[in-house]
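Pasting the structures here.
Two complexes are shown next, each including subunit A; its partner changes from subunit B in the first to subunit C in the second.
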Partner chain A sequence: MFKHTRYLKNAQHYDIVIVGGGPAGLTMLSALKNNPKINNKLTYKLIESNNLSKDIKNYTDLSDDQFTNRLISITPKNIEFLTSKLKLPLNFNKISKFNGISVFNGTSDFNKARIDIETESYMCEIMNIVNANYQNNQSNNILEMTKVKEIHFKDTYPVLKLTNDTDVSAKLVIGCDGYNSCIKKLINNGKGNGWSYNSFGVVGNLKYKYPITSSSKGWQIFLNSGPLAHLPLNNKDAGSMVWSCNKPMFDLFTKRCKNGQVLGRLINCAYVLDKPDYEYYLHKVFDLYESETLDSRLENKIIEEMDNRVDMVAEKLAKINTSNSQDNMLYMEENYPPLLDSVDLKTVGGFPLKVFHADEYSKDRLVLIGDACHNTHPLAGQGLNMGIEDIKELTKQLEIALDHGVDIGNNELVLKKYHQNRVLENSMMLIGTDFLHKLFSINHPAINNLTNVGMNIFNSLDTVKDWLSFRVSGKN
Partner chain B sequence: MFQHSLKLRTLRRLVHVNPNIGFNPNTASKVASSDGSSFSSEEQSHFANLAPTWWDPSGNQRILHLMNTKRIEFIKDTLTKKFFEERNTKNKEDEIYIPKFNKNLLPDYIKIQVDNMEGAYMNELFKNSVKDWKVLDMGCGGGLLTESLSRLDVFRQVKGYDMTEECIQVATQHASKDILLKKNLENESLKYEIKDLFKEDSVTEKFDMVCCFEMLEHVDEPFRMLSCLMERLNTGGVLVISTINKDLVSLLTTIVAAEHLLNLVPKGTHTFEKYINCSEIENWAFRNKMEVIDAKGVMFNPIRDEWEIHSKKDIGNYFISLKKL
Partner chain C sequence: MLASEIRNIRLHSQKRSFIGFLKPLATTVLTHTLFNKEIVSANNVENSLDVIKTPSNTTKKQEDTNKLYPDHIPLNAFAKSMVFVKSALGSFFKPNHNIHINQLGETIPVWSNAWLEHSYKLLLKDREFDGRDIIMNEPDYRHILKEKYLYVLDDSRKYGNTLAFQMLKYLEKNKITLESRENVHYIDNIAYAKLYNKYRQSHDFHHLVIGDLPTSIEGEIIVKMFEGINMGLPLGLIGGLVSPLHLKDGYIIKQLYSHYLPTIIDLNNKMKCNFLLIDWSKYLLMDLKDIRYKLGGKELVEFSEWIGNDVRQLKKMRKNVNKIKEQEYQNHV
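What follows is the complex of A and B.
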């Protein structure tokens, strides 16, 4: 008893310690700060291993036309929460809003089926959110460049040993440190359901051939290797992609490919051409970068070939589907994504894709939010949105606990409620996303044609589409 | 608010005037245990056995832990109601304007603002009024309610009395493990004492609020206990009680279902003969010059895994709050 109290006196004590300063962790911090009941009564601190202020400096030095490559989609409901409830000073010059998304089925050989969903969404750089939160918290609640070495329980409170040789004890530790969370391992040994997709998400910034004139839209095509998303960055000539692909393609795009124009043209092919044609060019690109020495003449030839082929098919498509020459011009612009000039190779990067859902979100005095307890495929763009919903629910439960004089670290009375209220919605989102990914990755003609028919039927069911977009974005 | 005051007035009128039915013959005829304490020795040993598991929220006191939030909610509601009424009768100018139409008809964003303003006003009123209050939790057991009251950080002092030594030990030990409560223990804004009110000769200390939750049904002479508690109150002080109605529903829920079928509560916790009807307490209050502030029924909803407060005070468990005039 005595030993314990003496130990605690050496350690710095906070009511809440947040581990991990990603977008979820920092938003959690802002949510605590902007809740008057919590802010008046509790002390809190965030621990982050990276040099956050340096990253922020690098980001704020960029002009409004330069974008970092890690983007995330946020629903209108959550943007409203971030700006009006948490009062985050987001840089809206670098956030683009799009009004709808068109999904193609690229797995059938001919006649791509498509679904048009009218749903609002915002594309926002992760650094934009991080920066806004950092400005909002004035950094005195953040302890950066510090890692958690070890967590052990002394009687009732968890004590975190940090790399700067200090100890921190807390009533409640919130783990927001992503998939490899050190908090997760302490809760039920990190057990949960999930698997790796054996594929990678490749991200990169796109440069359009011609600036767009119509309102911006998001585009996604399901290829056999995984979905390829094509999203607007600003409403002029920049976009962003998330391409989930297998290991050989990942290596090709991130390591061997030396010319961004080849990659850009390949994306054009994926959207406009039929599947056999696209696969033909994909193989050609593989062959091009097979050898160590690079033949720039061959490179240019392929680019030209792909351009010609895309132009030809586009012309043909426009002629078949429209009656007069006026519509002819607009057809491609309205129904297909803007053609690309190139991909900015400096921004190309990748990460392994997986789905995971922790069995338990919490234990006495420990709780997980965001990617620490659920990881998802980026195809629905719901990763951070689920995290923000977690944050709302957890702050609500903490507020109720404070109102009723309950210990905020109590699992049974406080943290379990948060788990109960979030687990169903999170698992529905994860299962839905996983199902879509599985459905389109089956490479069998019969299944592919079936999905094609299914998508066409789905596209005509307006009520179902409205319901879905309501579920996903929270607004009609 | 307007509706509330209406309801209260009708409620006051409904209180029975027949003073004879106020006394429970079953409990009155029973002789208190030989040493003159309020608890029989069986009850004492039962709670002494429970003491070690008291603070395990997933253990056999789980249901009591869940009820705790509703107790606090009821206490807050009842006090706010009292203060609001007192203020309104004191000076008419300070009265906030309450529209005579349904708030729900307003557009959402205005309704939220009205709710927020009202909530903030009430909260402020509550906080300012109880700043100097001394609160007694009679029969605190492991200190569930005592700790919550202390953690709210609005009262000047919170005291927990229990006559089982083991319980007080557990309560003190548990509170000293919490950083905030340990501080409160040190500066005596939280205090636990072993005390049997029946053995006390003179009233040494008076309180502004006395809580007595889930305890009357374990006492041999509940009305003598109530009188003891009333003596401890300052004029204008509040007595908050919760116990169980003596009806079929209570028998089925608290004993048959909770103890024998679902194992929510340790066997032998309740004795049906000791239950007290809400009307009996209201009668007692009437005869002893106390005013009913609020009375609410409360029931456990196993589907939502929560207690729910409802308006049927004559069925099952109930909360009642009285004001000493």
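What follows is the complex of A and C.
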């Protein structure tokens, strides 16, 4: 250690440097801190380019009823890891738990198939995790508003040139800085498998028409343009959506649409109505916002039309599927997502969707976790969960290395093992979501009917469903 | 005139009486002896015979839960196919009985359902005509004229050309009513049942709009041909393409296939819309010619001007020809 610090005059040295202060990076920092072995023996630092404390102040100023739009789903085993093992002070008023997920097939023309899975999951704001991690760590471990300008190697030790004109050297650099990671480029030239989906994810917060009375559930429908998820935010009258859609729809929702009610009713249509019916209204909304000048009367007319149609179909569905009038009232509430009043247009935002899996997660003294090495479609809601699993595995390997007295930056003995243990599960998840996305975006009646039949069969296989929900959530 | 030809006619009529004897036998064998009580009871309901055997309380309640709409008669696939066979035979041999045609249209296996699904999708997607209104308002044309539009008869100068006026006149001339149209019974889907009801009730409007066609068998066949080709209606295709075979007059059969059918296909190629998408209640106070122009351009207007009289004249002409033949035969004898 002395040998290399001699060459660097104004360099600080740490054992571990984490680049990137997103949810994955900050959780990694907490994991290091909460592991007594690592915490006692190693020094570490996190480098983040954004002004974290300002973001956190903005977030903590919000009341418990206001939500930011970037949400993430966390499985029960991971929330347990975060709360009991890392002792993160998460704000549970802003985390909603839901007890099941219903997936519809909106690609078939009539008679949507559905799969109901009883699985627990938690919806949590990204800022909630970031905030909890930030409170948990003394801020002297975090270096804010600093970018990594350049990384070069001196005697195989990476030296990070920062924007505040200091150099930082480390035994191990953990890259958690997302898809455009600067660490990724150094590992095998950032090579990996992946492609862009040519579609966008639109997120936004929803306002229900009526507050819900039963326990909240997650809902997802596969449309030809991409899956649309409808998730609870609090257990009263707010929800959030993730709608992956094509370019014209993305433009419509994020730029041209001026009335959140139209968008909210369109989501009602997507869930309740048949595909040709929903597409009719989608085209109508497109036509509505085609021209520059906007007529609010036309807007109100289309909102009323959609409401009437949804009410009409809901009544029919309830009548067909139930035998007495009491069940009649409850049928829609139990089997369909709560009807929406509007989408909060201030929270609507979007991002391009892609899939990517790095060939190598590590190199001597460099390692990637989270989104830096695998990007996934949000349809399964497993992005951060995979990242947290990475963190668990990496801390485990670091612990073993310390026990055995091995250099923690050693690729063959430490980092490669982390890669080995994670690569299969990650690629299974990536291939699975990629397959689902591609299967449901085929717009051919034969395939659509086939998926409908397949989903109906799957829905009747309870053991398979239980096993799957156990595999994903870690809880029965 | 040739004696051999006349003999042919006689032979033909003899043959027909023989087939006529077979018909009740075949239908009864197929419906009654094939142990299907459901068909019998279904027929009872259709014929509005109030006496239903074994009206025990429990079975009645069970039936109610299976019913999707008040007039629904839920049948299993086998029973339905039996109704189909029975009604197919019935409508070939006795086309003037409405019940056979009604049952046939609803029970054609697979095809009928596929057509209904296709047309329902058409209605849902439609943005040019009234598909959406038909779905939302579920119009019923049976009573609309007599309830709301009788006043047009008082002012023939003002309303003389409107659809409502012409329709009322047409009904009077042909001695038919719109009210007598039956509800559907065998379609196991509420939306499709509504759609089929709409078709059935607008059938008389088609008669008038296509060109004041008479309700004789020839006129009916031409309307069915048109409906089959324009809307893809299975009953229309079967009725339009098969039922001419059963007519007595070979000349008329030849005319139907070689003259009217190609003209209708030509007309349909120039048509702007599927007649299923038209909500007739919206057009009642419009000029009939304007409606024809809107739906089919000037081709439909031209077509409608000659088709009705052409069919009537054809029939008259054949009657005269037959009379002359008969006279010549008698003279010959």
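Simple rule for what comes next: the second predicted complex is superposed on the first by the 469 of 476 C-alpha atoms of A that agree within 3 Å, B and C clash if a C-alpha of one lies under 4 Å from a C-alpha of the other, contacts with A are read in each partner's own complex, and residues count from 1 in each chain.
One rule holds in what follows: a residue touches a chain if its C-beta (ideal position, glycine included) is under 8 Å from a C-beta of that chain, and two chains touch if they have at least 3 such contacts.
Keep in mind it's a predicted model, so treat the numbers as computed, not measured.
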Superposition on subunit A - do subunit B and subunit C clash or fit: fit
Examine A:His404 and indicate which partner it touches, taking first as subunit B and second as subunit C; both and neither are also allowed. first
Once chain A of both complexes is superposed, is A:Asp327 in touch with subunit B (first), subunit C (second), both, or neither? neither
Contacts for A:Asp116 in the overlay, against subunit B (first) and subunit C (second): which applies, first, second, both or neither? neither
Is A:His13 touching the first partner subunit B, the second partner subunit C, both, or neither of them? first
Subunit B versus subunit C as contact partner of A:Glu279, first or second or both or neither: second
Considering only the touch criterion stated at the top, classify A:Asp155 as touching first (subunit B), second (subunit C), both, or neither. first
Could you say whether A:Asn308 touches subunit B, subunit C, both of them, or neither, answering first, second, both or neither? second
I want to verify the contact counts: of subunit B and subunit C, which reaches more residues of subunit A? B
So if I take every C-alpha atom in subunit B and every one in subunit C after superposing, what is the smallest distance between them in Å? 53
Residue overlap on subunit A between the subunit B interface and the subunit C interface none
Quick check on the complex: what are the subunit C residues that touch subunit A? 65, 68, 117, 121, 124-125, 127, 132, 136, 190-191
Can you tell me which positions in subunit B touch subunit A when the two form their complex? 57-58, 62, 65-66, 68-69, 72-73, 76, 147-153, 176-179, 182
Looking at the complex, which residues from subunit A come into contact with subunit C? 109-110, 274, 276-277, 279-280, 283-284, 308-309, 312, 316, 320, 323
Which of the residues in subunit A end up touching subunit B in this complex? 1, 5, 8, 13, 41, 155-157, 171, 400, 403-407, 410-413
